[in-house]
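Okay, so chain A shows up in both of these, paired with chain B first and chain C after.
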Partner chain A sequence: MRRIKSQADTLKQLLEENFKSTEDATFKTLDNGQDQIEMVYINTIVDNAKIHDLFLKPFFEIDKINKYVSYIKSLNDYKEYKNEKEAMKEVLHGAIVLLIEDEALIVGLKLQENSAVQNAMVEATIMGPQTALSENINTNINLIRHRYHVPTLKVEKPMLMGEKSKVELAILYDEQQVKPEVLKKIKNQLEQINEPIIQSSGELHRAIIQNNKRLFPHLMVTERPDRIAYNLSQGKIIIMIEGNPFVLIAPAVFYDFMSAMEDFYQPYWVSKFLISLRYIGLFISLFLPAAYVGITSFNPEVFRVQLAFSIAGSRIPVPYPSYIEVLFMLIMMEMLTEASIRLPKTIGPTATTVGGLILGQAATEAGLVSNIMIIIVAAVAISNFIIPINEMSFSMRVSKYLLLFLTTISGLIGLMIGTIGLIYYLVHLDSVGEPYLKLFFDEKKQQT
Partner chain B sequence: MNRYFHYLVILNMLANVVALVPKVLIEHRLNGVVVSIFIGVALSLLFFYVFANSMFKFPGKGEPEIIKAYTPKWFASSYLFIIGIFYFIAAGIILLTFIDITLRFINPDMSSLYTAFLFLSIVCAGALMKTEKTLYALEIILVISLPLILGIFLKSLFNPYLSWDSMKVIVQHSFDSISIESVGAASYSFVGFYYLAIYNRLFTEKVKPIKIRYILLIGIVGTVNIFTSLMIPIGYNGVDGIGDFNYPWFSTADAIRMEFGFIERVLFIFLLLYIGISIISATISSHTGLEIIKSVLPSFKWKNRELMPIIVILLFSMVTILAQYYLPQGKLYEFTKIFFIGLLGVGMFKTFLMIWIVRRAKK
Partner chain C sequence: MFPYIKIIFFLVLCSLLVSCGFKDIDKRSFVVTIGIDKPENKEEGYDISLKIALPSSDPKTQGEEFIIHTETARTVSEAVRLIKAKSGNELDFGHMKMIVFGEKLLQEDITQIMDWFTRRRDIQKIAFVGSGKPTAKAILELKPKGERLPSNKLFLFFGETGTESPYVTTNYLFHFYRNLMDRGIDPYLPIIETKNEEFEITTMSVLKNGKNAIVLDKEETKTFNVLNREYDKVNLKIEQENIYFMLSVDSISAEYTIVETKNIPYIEYDVNIKGIIEESLQQLDNTKIDEYSKMVEDVFTTEIQNLLEKFQEKSVDPMGFGLRYRATHNGTEEAKWKKWQSIYPALQFRVKVQTDIKSTGIIE
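After this line comes the complex of A and B, so read on.
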């Protein structure tokens, strides 16, 4: 009995020390004539509406305190008391601590205001599911379980992320499909993270990958429950964190970033066409600016004479070498893109229209850039957005400048060297031990 | 059979254009080149059969491991060292030739040192990758360029200006004095199987021995390949005219025109594709050489990082850059001829060695 007595007392002392000074902490003493109990909770993160029904009413109705204790223990969210530290953590995560006689009882009564399911914004599809995830981890697991009814689907909540943020983290995988060594690796890497604050999947992604100076995404970030379900069935691991409508999928390979869920919802040839369109877009957005510099400034004889002349003709008023022209226009285009992300929705269209018109029309008339350059920049901008996963399209936006730089200093050779270098780099990457880029992935019998 | 093995075999058939094979064959075009080619094909198919089959008897093991296990130490280390240098020479020849081609056809204004630096930086980075990664890169580059290169070959074949009579002249001289240089040059197209020396480490599954049927298929494909690289330039430029060109295939590609493409001269497509082929070929060769030499040299670590490969590859780069000055195009050509003959000798030696090792392993 002595042990239990000290339990309630030390806990009460600790709670008072820590929470007395906060306005939203509630310390309540209930008294029904015979017995007295104490309730401690933070009223901003618990479901206040339920407190009355769950705790107050029964306390005054049940005459024996033993019965009340066993009633509390039978509640859905009752948690065993382990030690003071755990109890403190639970209080911070929306639990109620009941101090009855000498015993401390903990009941989770978390209320979260962010459990509304949102529409898919980043990865929208024409046909197919329209809703994405919510910002609540339990709602998200619920959404996924409703799409993936398999007993081997495992949900693990191994730890809280971040020393200070202490957000909940969940790992989901299909036990039958997942590769055990990949799972082990992921768990290992998660354990090694020691960032004070982690709030988004992108941040977690950065923390998981040891080599954090990377250009390409190693894990996939998605907001679509259908994509998550599909990836679970492929043996991938889903990493979720609280307060974020995006999850991480590991491991991810290059092709994942080039696929949209739409591909599954379209007829076979249509989806093949769309996929090839995407690769053409990737190709254009990567190579066109560099090829323009390489061809106009180094090897105009590559093109047939008529084309070479018309390009040279449109460059007559331009007073500087082609790479400055390209850089100038590309950077203007990037500015427009960035600005339209950050601008309020009401101003956005105005800014882009004005910017686009001024850049397109006036810059050529002023003789700052050639007409053909405008076409190229437009083609690059449009084809860059055709890459379905945002992360990859951002990476490609950057890689384009590397190719441009190499071509500027060494002509078409530089373009080819850069391309092969890019292939080498992508091939050399690993995503959680799986090769990142490799042709013919889905072959059943893996050969090497 | 593993598909990656096919890629390795195909790679050299494509790379022979850069490795001065057509030039050697064309120099001997009136010295019984046809018979020399057949002799070369027969010899290298024999080497192919013996070497590949004996390597497949040791699944998951590279040549260094096998040689070290079955021969005395002094022999193993000196043999592996020499063989490793051979692979580096192969990579060096391709690089030096392509640097020269680049300077002649694409960027005459660029300094040769800078071009060499560009090529070497990418080849060295590739050679330092893991073995399986080089294969993935090889696959990607081949899948992109192979259809286009085949298309160019076909286009050149169906050109009305191709003179079949000139080619007949070559056949007429089939039995004139046969030269060992052209035998060696012909065998170069087949030596892709030597890469097994390292890449066999990845082929861990036990495979059935290669059948004669497969060897015959390779022989036919290779023969067609060698005859295309010899005959098409002759068909375009004439028996006498072709002798004037240093890089017969690139000059020939410049004779082909695409009427409706927005790139009119096939040369540029050909050049850009061949940059890819020669870089990956040099990467694979130098990677194989690097892995073999690494197995002989002591490992040398600094801050948990293996430094020996980097030292070896830097040495290779330095030698390549120096060779640019001491081995200009004409001398490189003479050197390549010696290399081709050496290739025959090495093939012979390797074949006997492998037969002996397989016998010892059976005991």
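After this line comes the complex of A and C, so read on.
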């Protein structure tokens, strides 16, 4: 009996110490004539509308306090008291602490204002599901459970992320399909994370990969529930984080970043065409600027005669060497892209028009860049956005400068070496122990 | 500590492999054609003319302009050095697709001059070769109507992207040089003439020991191209007492075997022609189609026979009979070559032409 008595008292003392100075903390004493109970909660994160129905009304209706305690214990979100620290954490996550006599009871009554399901913005498809995830982790699990009705689908919430942010994290996987060693590795890596604040899946991604100076995404970030369900069936692990409409999928191979969910919704040959289009786009956006410098300044004999003369002609008024010309236009293009992300939606199109059309036209008229250059920059910019996963398209945006640099110092040989180097690098990468530059993530096909 | 340091080191090393330097495309002068002539009053040396395209920044008039620089020197490279000094930009031979030898130059051995073309790395070995009449420079200077890029018309002639004609003989630098150096085959050159401000390429010459040996006329050129390249875009003219028609050839195959007998060795030449009658001055009878075939066979057999005998008479061998002989016989090279030289003058040609006229082209 002594132990329990101290439990309620010490907890009350601790709560008062910590939360008395906060405006949104509520300490309430209820008295129905016979018994007195204490309620402690932070009113900004609990569902205030439910407090009356769940706690106040029964308290005045049920005459025996024992009955009331067992009523509380039968509530859906009742959590057993473990220790003070745990209780403190629960309060911070929207729980209500009831101190009845000597006992401390904890009931979760979290209210989150972010459970609205959003439209798919980043990975939009023409046909197929139009909604993405919400920012609420439970809503997200709900969405996925509704797409993947398998008893072996496991949801684990092993820990809270970040020393200060303490956000909830969930791991989803299909027990039957998942590779146990990959699962173990992921959990291991998650445990080793020690960052004060983690708020987005991108950040979590950075924290999971030990070598955090990476250029390419090692895990996939997606917002599409259909992609998540598909990947679960492929034996992949989904890592979710509270307050973020994006989840991480591990492990990922290069091909995943080049595939859109649209591929499954289109006729076979159409989707094959789209996939090859994407690879062509990838190569154009990677190689075209470098190839332009390499060919015009080192090996113009590669061009056809007509093209060589027309490029030579259009370059006559340009005062700078070709690599500066390319760099100038590419940087302008990057600025335009960055600006149109940050700009409000209403101004966005104006900026693109001003930047793209007028600047491009004027730059040629002024003799700063050649006509051909404008075509190249436009081709690079457009084909870059054809890569369906945004993270990969960002990586490729950066990689092309590496190739451009190598080509500038050493011509087409440099382009070749750069390409080989890039392939070496991609081959050397791994995603949670799985080879990265693998075309398809399909273990079963290989085994048979 | 740095796992990538090796890779970076390797990359830096690789960048030293670069042979050609950074030079922007607008700082290069593209030579499109080179012409080589014999100087008029000097015994030794060459007149080298380079036709350099001048790109213009206006896309409408782009590339119509060109300049021709001519220098006289003992070797080609000396002359090129001198021309380089005249031109403000770096000379780029990467787009030089035409090499013209002056007619007079071919009166002497041109083997020596070929040296420069085969040693320079930036000369494309797929450049076309030809002989210019009266001089190479005259060919370079000609600006035919409707030419968008300098010398583009010549490229169209020889490259077969434009016109396709059995009278135009195409020969590439690598092929020409190979034939020039090899035993058992003699090189040939198309003859480019200028007529009324236009090119006329209908004849060809065959070289022997680097010198001009014979010049073929139009019809012989056509027959040569049919035999040598199995060129099937040909019309054959049949002209007899009361019949005159043109056979348009659809497909042609020509092959030969060298048959050695104890008495007289001979070459059996089999030519198969398939075609239709394209134009006729008389009413043709569909039932007499075999007769017409026979006429074609007769005409064409004589043409081929005459051409081959002409080659034999001048002891030139552009068809490469000797090469075939050397390739298909064993023994030491010297012995084979000597044997062939004794065989060739006495060789007989047995030409067999088979014609298949599909129809007279008339609906009755």
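Just so it is clear, the second predicted complex is superposed on the first by the 438 of 448 C-alpha atoms of A that agree within 3 Å, B and C clash if a C-alpha of one lies under 4 Å from a C-alpha of the other, contacts with A are read in each partner's own complex, and residues count from 1 in each chain.
Basically, contacts are C-beta pairs under 8 Å (C-beta built on N, C-alpha and C of every residue); 3 or more make two chains touch, one makes a residue touch a chain.
Since we're looking at a predicted model, the values are computed, not measured.
Applying the stated contact rule after C-alpha superposition, one finds that A:Asn371 touches chain C and leaves chain B untouched.
In the superposition on chain A, contact of A:Ile417 is made with both chain B and chain C. When both complexes are overlaid on chain A, the residue A:Leu357 reaches neither chain B nor chain C. Once the two complexes are laid over each other on the shared chain, residue contacts for A:Pro321 go to chain C alone; chain B is not touched. Look at A:Leu307: by the touch rule set out above, it reaches chain B but stays clear of chain C. Within the superposed three-chain model, A:Val427 lies in touch with chain B and out of touch with chain C [touch as defined at top]. When both complexes are overlaid on chain A, the residue A:Thr296 reaches chain C alone and has no touch with chain B.
Look at A:Pro435: by the touch rule set out above, it reaches chain B but stays clear of chain C. Residues 298-299, 301, 305, 410-411, 413-414, 417, 421, 424 of chain A contact both chain B in one complex and chain C in the other.
Interface of chain C with chain A (complex): residues 7, 11, 14-18, 20-26, 28, 30, 32, 53, 55-59, 62-63, 92, 94-95, 97, 122, 124, 148-149, 152, 155. Those residues of chain B that touch chain A in the complex are listed here as 2-4, 102, 106-107, 110, 114-115, 118-119, 122, 125-126, 129-130, 132-133, 135-137, 139-141, 143, 202-203, 205, 261-265, 268, 272, 275-276, 279-280.
Taken together, the chain A residues at the contact with chain C in this complex read 296-301, 305-306, 308-318, 321-322, 371, 406, 408-411, 413-414, 417-418, 421, 424.
Only residues 298-299, 301-305, 307, 410-414, 416-417, 419-421, 423-424, 427-428, 435, 437-440, 447-448 of chain A touch chain B when the two sit together in their complex.
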